[in-house]
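For reference, chains read A, B, C, D and E in written order, and residue numbers begin at 1 within each chain.
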Amino acid sequence: MINLWAYLGISFILFICGIMVMIARKNIIALLLGVELILNAAALNFAAYTKFSNGNLDGHIMSLFIIIIAAAESAVGLGIVIRFFQLRESIHIDDASTLQN
Amino acid sequence: MDYTITTVAPIVLLPFFAFVINVFLAKRVPIAAVALSTLAIFGSFIYALRIFLDFQNVYAVGYHIHKVFTWFDLSAGEHLFKVNMGIYIDNMTATMLLMVTAVATLIHVFSTWYMHDDERFARFFVYMSLFTSAMLGLVLSDNLLSVFIFWELMGFCSYSLIGFYYEKEGAGNASMKAFMTTRVGDVFFLMGILIIWIIVGNTTFVDIYAAIGAGKFGGVFTSFGIGLPIATIAALCIFAGTMGKSAQFPIHVWLPDAMFGPTPCSALIHAATMVAAGVYLSLRMYPLMEAGHILTFIAYIGAITAFGAATIALIQTDIKAVLAYSTISQLGYMVIGIGVGSYNASFMHLITHAVFKACLFLSAGSVIHSIHCQEMPQMGGLRKKLPYTFFAMLLCCFAIAGVPFFSGFVSKDRILGDALLMAMENKAFIPVALLGFGGALLTAFYMFRMLFLTFFGEPRDHHIYDHAHEEHIGWNSNIPLLILSVFTLGLFYSGSFTGQGEVNLFGSKYEWFQTLIHKPEASHLEHFAHYEKEDFGTTDTRDKVELPKAAYDANHGLSEEAAHHVHFVHKIGAILSIFIAFAGIFLAYSMYITKKLDPNWWATTFSGWRKALQNKYYFDDLYIGKIIQKGLLPFNNLLAKFDSGIYDRYVVDGTAVLNRWAYNISRWFDNNVVDSGMVDGTGASVRLMNVVLRTIQSGKVQLYIIVLVVVLASYVLTLRF
Amino acid sequence: MFSNTLFLLSAVLTVAGALMVVYTKNLMHACIYLLASFFGIAGLYACLGADFLAATQLVVYAGGVIILMLFAIMLTGGTGNKVNRYGLEKIPAMGNKKTYFTAGFTAIVSALILVKITMSAMSGNPAVANLTNEPTVERLGTILATDHILAFEISSVLLLGALVGAAVISRPRKEIHD
Amino acid sequence: MNNSTVVSYFSQSNEFIHVHAWLSKALGFDATSLMAFVIFAVIALIIVGAMATIGGLGTYAERKISADLQARMGPNRVGPFGLLQFLADGVKMIMKEDIITTNADKFTFNLAPVLCMVGVFATLAVVPYSSGFILADLNVGIFYLVGMASLVGVGVFLGGYASNSKWSMLGGMRGASQIISYEIPATISIIAIVLLAGGLSMKTLVGAQGGLPHEWFLFHNPFAFMAFFVYFIAGLAETNRAPFDLPEAESELVSGYHTEYSGMKFGLFALAEYIEIFVVCGVAVALFLGGYKVPFDLGSGAMLVEKLGLDSMLSQNIGQLLELGAFVSKTLVLYYVVIWVRWTLPRLRVDQLMTLCWKYLTPIALFNLIGCAVWMYAFNGKSIFTLIFSAAASGHGGH
Amino acid sequence: MSTLHLDVYMPVVILIALALLVAGGSLFLGSLIRPHNPNKLKETAYECGEEPVGTAWTNFNIRFYVIALIFIIFDVESALMFPVAAVFKKFNEIGLGGTLLMSILTFVSVLLAGIVYCWKKGDLDWVKSYTQSTSTTPTYGKKD
């Protein structure tokens, strides 16, 4: 039978994959991919808890807003990346470590 | 009065809606935005006044309103995860609400005059509205979580307002500094909230009190073999938040720089309300501080701050800088009050200080607006030009110096009296009391120094003096000052002379502070478990008439003998305070007024003084002129004679031989041990540290993530829950 | 019966997609695998009875975010240029042994945290599935229009902020002569 | 299950119940899912087959109609009237050599047409052919359709990217940005209709309308009327049809994103495109033109039972066939319009394309949405005809 | 009939599988019968008969991104609007239509403000940004 643990396990794997991507990659866009994975893990957790608990839909609302915020975040984040690329011609994360142009 | 959402919520919502509307309105119709902000806060004031009068007249001690609603509920089965928000009003909240709204209203009114010529006139009011609503929200909050939300919101407003004149080089840096420095305290505050959450299950004040009463905080947190009581950790974390916000000793550095903001915002945020919010938080969490046994620590922090800031204030020449350091010092007194268990007096000092310090800042603002200059050496003699401002400032200086019949005397001297009491019981508190009284002396001195330099004497810069605007009475220029200055009189806060009841001037009827504000005693904390929480939408249905009226108890629940002892000590403290206050004023008077009467004496006795005056530079040059030239130089000559006549001839030549021996040995030692070992070693170790520290601050995001994860891991994995 | 199949298919797609995102060295491929993973998550939402979330996942992620990512990859030189202006190679920028080692370490540590938190949260709480699978759209709409109306409205402000902010950031600018 | 899939339609019949009982007994477990799977698979195969035929016939129809419009013959060699032309084309596609350029990203190159196919095929699940003959009436039907359709954009982009040719890349970028841009007015128009119907599932959307034109959402109110045109224009653009066929503008970009594609992969792109046109037309019909509804409630078969005394299942089946006919005929009319438009209007320039989307269609669509909401509120959900009739009736009654 | 609730998703899975099957099958079948004789010229990208210059994977104009950006914001907006729109009728019937109408109006008008802003600032103008970015050398080409 598929229970809460299955979903938690999948979300766990997603989260770990996200962390792995965020640490292992040096490409800023790839980092944003990792962020998306992590956010999805969180959203999945909310939906799973909703299903396996009292069943009011607050968890779904949370997931919905996580998705919305993730979309806004990736829009702004990628905008920053593109601007950064125009300035520095690089999307290497370590090139973004200085405070000045 | 029935307390429903409609009678309480407008206090917060009026300024907030004003903020929201003004965001759009500010650029288009600045005048409307300003009017809207001011009217909104005035509306809040009316609501707050209703609540205050209600609590003052109708309700009894311990009466409170607590309304909650569920923010969100993610409970899974038996595992509760429910976050409540709500409002909590008791006597303290009601008083605080009245103070904040009243001071904010007057400052808003003043700002319409002060900021009128500014190009970002309306934007200032946008921030002020947001700030006021956040502050009021903080005061009304019933739990630490929403306190934290409003806390951070206020931090943001403070940041924006300090950097209001962002064209100035320093303003941006100062705002950054303020934001970053307070962040140190806030992180600890958040950790404290999390600890409390883990232990209590929510962060509502009442539940925290009940949990302390039930002994839930008695556990010991063990990590790496070191055991610390959880209550201590939580209390320290919460107090760190206070230290950040209220600019206490180690992280006080931001407040003087915060004076880059416009003066009305300094008056509201950095003197009257936001910095006091830190103290308010500590007062709210007083049972936790007590349970954590960190009161001594708090008292010491307060004492160091109070005295240290006062010494710094002595040599400031910028009028706002003096006030800034004086604010830090006075906040230190409030913290001393918490530390010595003087709950009531500490809160009273919070209120009285808010009033007179706001008035002082507004007066300073009036001066600055009049002469477009902040340096006191360039002022002088402004009394004739600015008579109303002078009057207001004089009253406030009396208040802060602790002259009898003024509010500062009543509140500060109760703190000092309690400090004295504690010092007599416990030797550990002797330095606290000493620093407190010393600080009081310095306070009286530097405040009157400021007053004398600004308003008395001859105009030192005639250009500035002649171009100063003549002051006329105006509803938004000096009426707010005068209103505030009236409330520096002690009788509004206490009917008694020292506030301890033994010299009762106006009858106990006016002792509302003593009557209404009560320390949550450790032995009564269990009662909070029975406090009922109402649903947010309901109207209050309890019968007010049947509630017991609050009565003034001059003995504070103590036995007759103990009360007598307490009164006796307080009386000593009061007399000492009066003496100290007048001593400080006299010192200032003799330094800055006597000089005018007898300039020759002044010039001959202190030969460096005139030069210092010409340089418009006071105490540094004074000390150099007096101590070094008069004292050290003759002594130096004497030593020189001794040196060449006796020492050189006999001792030096005689020891030269020995020295040469020693020289050889020490050269070897120097080359081989010191140079190559210690000096190079220091360099190498610094370089090593450099490598480590540089890695931490590399700007590499991924490293930050790793550090975050590791720190989180060490926090979570060592925690037992 | 079918619910198990759907779950298994979705779970395999999700996990495989996520693992491939970690594994692959090609950014464009990583995006495609991420798309697969999102599809799987949509399937999982469907299994959970969250039909609206599943569709939202498709609309926002598969249709929106992935396209945005692909565009951003193309706007930053695609995957074609092997070396950037500073001589940093882009292929190592997708990770090398050292970074993977660090990542593995961090992953293990965060895994420990998660396990600890989850264990403490779940111990003694055998979660029982709420088997009623009612359509969620109406209920979601109702609570979105009543309880969470503020969040609904504020999210429009968030979106406005994101739109304006990102448009300002990524707007083509005139040359600054220096 | 509440009448929401094609299986539930079949499950009303006695045969189904018998077979179900027999299978459950023979297999030893509840065979519902198994039977559902079989039925679904068969129906899906039929639908895909039909769609492939329609897609193929679409190419034929396109050429034939264009020939008509240009007064020439068009294909007339293969089969009667050249009807089997599409089969010949298909065979040609399969027989052609499959070329992958050296610099291409092979994985993506192969994936892109498949993604397009998946996106289009998955939308077929919710197209309401008739009240019983709908593969799955998901609760989020129309929203799901929007999400799945957006996959085509990814496919187009990846196709352009993977070829590593400048024409393809430009075509892919243009195609993707065009598809996503026009998704917005289309979606907002759909929301306006959702607002009128009060549900997201296809049956709710169709069921809120009636069989006669005055009961269609198209004529429900002026805003819905405008919304139809916004949706239809946006749908044209989403399917990269003329006058919006910029991604494959042969005079500018050789052949756009499928310049480097040959053989069956190109065929898959083309097939996906033609099926998508059908889906877009079908959705337009379902949302605005009354969908499968036939007049006088003939669809349920109740009238047949009552008047002719037919068996209820039989009459129901007849009703379903009528509904199917109504839906398909309306869709095909729109299909004709799409082809017609191609040969009538010149292609837009790329800046005109974006201007049309963002400066005209999107604001108009938002205006329509607000208008529909206000209409619903003001007239309590009544359509304009209902208002006129009731006004006329009360006016008449007054005399 | 008590069919399992999740069976509604079965056609979706089947159709996706069919899509994969049709695509894969036709490609596989084709590979059995179609010719395969590549040569170098055939396998170069088409560039009007010339030798291809460089790769096509270069950075593209930013206006594509701005379009995608506005798209995703409106996409999310529609995702939020769908459930609210779906209950509008129900709310209207029980007399709450006015409140819901107000909230929808607020929501849409805030979004409309966004598109008006982009319009005013010229983000929606394809040509304007085009002339701007060609008339000047791009910033990122500069060495500092």
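Simple rule for what comes next: a residue touches a chain if its C-beta (ideal position, glycine included) is under 8 Å from a C-beta of that chain, and two chains touch if they have at least 3 such contacts.
All values reported here derive from a predicted model rather than from experimental measurement.
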{"item": "Contacts common to subunit A and subunit D (chain labels)", "value": "C, E"}
{"item": "Greatest separation from subunit A - chain, by CA centre", "value": "B"}
{"item": "Reference subunit E; chain at largest CA-centroid distance", "value": "B"}
{"item": "Comparison of A-C and A-E by number of C-beta pairs in contact, larger one", "value": "A-C"}
{"item": "Intercentroid distance (Cα basis), subunit E paired with subunit D, Å", "value": "18"}
{"item": "Centroid spacing, where centroids are CA-atom means, of subunit B and subunit E in whole angstrom", "value": "55"}
{"item": "Length of the line joining the C-alpha centres of subunit C and subunit E, rounded to whole Å", "value": "16"}
{"item": "Rounded Å distance, subunit B centre to subunit C centre (Cα mean)", "value": "46"}
{"item": "Subunit E residues counted as touching two or more neighbouring chains", "value": "4-5, 7, 9-10, 55-57, 59-60, 62, 64-65, 68-73, 75-76, 78-80, 82-83, 85-87, 90, 111, 118, 138-139, 144"}
{"item": "Residues of subunit A engaged with two or more neighbouring chains", "value": "19, 22-23, 26, 52-54, 58, 64, 67-68, 71-72, 74-75, 78-79, 82, 85, 88-89, 93"}
{"item": "Junction residues of subunit D, two or more chains touched", "value": "33, 36-37, 138, 140, 143, 146, 161, 164, 169, 173, 177, 180, 183, 199-200"}
{"item": "Chain-to-chain touches, reported pairwise for every pair that qualifies", "value": "A-B, A-C, A-E, B-C, C-D, C-E, D-E"}
{"item": "Complex contacts: residues of subunit D adjacent to subunit E", "value": "1, 4-8, 11, 32-33, 36-37, 40-41, 43-45, 48, 52, 93-104, 110, 113-114, 117-118, 120-122, 124-125, 135-138, 140, 143, 146, 161, 163-169, 173, 177, 180-181, 183-184, 187-188, 191-192, 194-200, 254, 259-260, 263-265, 267-268, 350-351, 353-355, 358-359, 362-363, 366, 369-370, 373-374, 376-377, 380-381"}
{"item": "Touching residues on subunit E, where the partner in the complex is subunit A", "value": "59, 62, 65, 69, 72-73, 75-76, 79-80, 138-140, 144"}
{"item": "Sites on subunit D touched by subunit C in the complex", "value": "30, 33-34, 36-37, 105, 107-108, 111, 138-140, 143-144, 146-148, 150-151, 153-154, 157-158, 161, 164, 169, 173, 176-177, 180, 183, 199-200"}
{"item": "Residues on subunit C engaged by subunit E in the complex (per definition of touch)", "value": "1-3, 5-6, 9, 43, 46-47, 49, 52, 56, 59-60, 63-65, 67-68, 71-72, 74-81, 133, 137-138, 140-142, 144-145, 149, 152-153, 155-157, 159-160, 162-164, 166-167, 170-176, 178"}
{"item": "List of subunit C residues in touch with subunit A within their complex", "value": "3-4, 7, 11, 14-15, 18-19, 21-22, 27, 30-31, 34, 37-38, 41, 44-45, 47-50, 52-53, 56-57, 60-61, 64-65, 68-69, 71-73, 75-77, 84-86, 88, 90, 92-95, 99-100, 102-104, 106-107, 110-111, 114, 118, 122, 127-130, 132, 136, 139-140, 143-144, 148, 151, 155, 158-159, 161-163, 165-167, 169-170"}
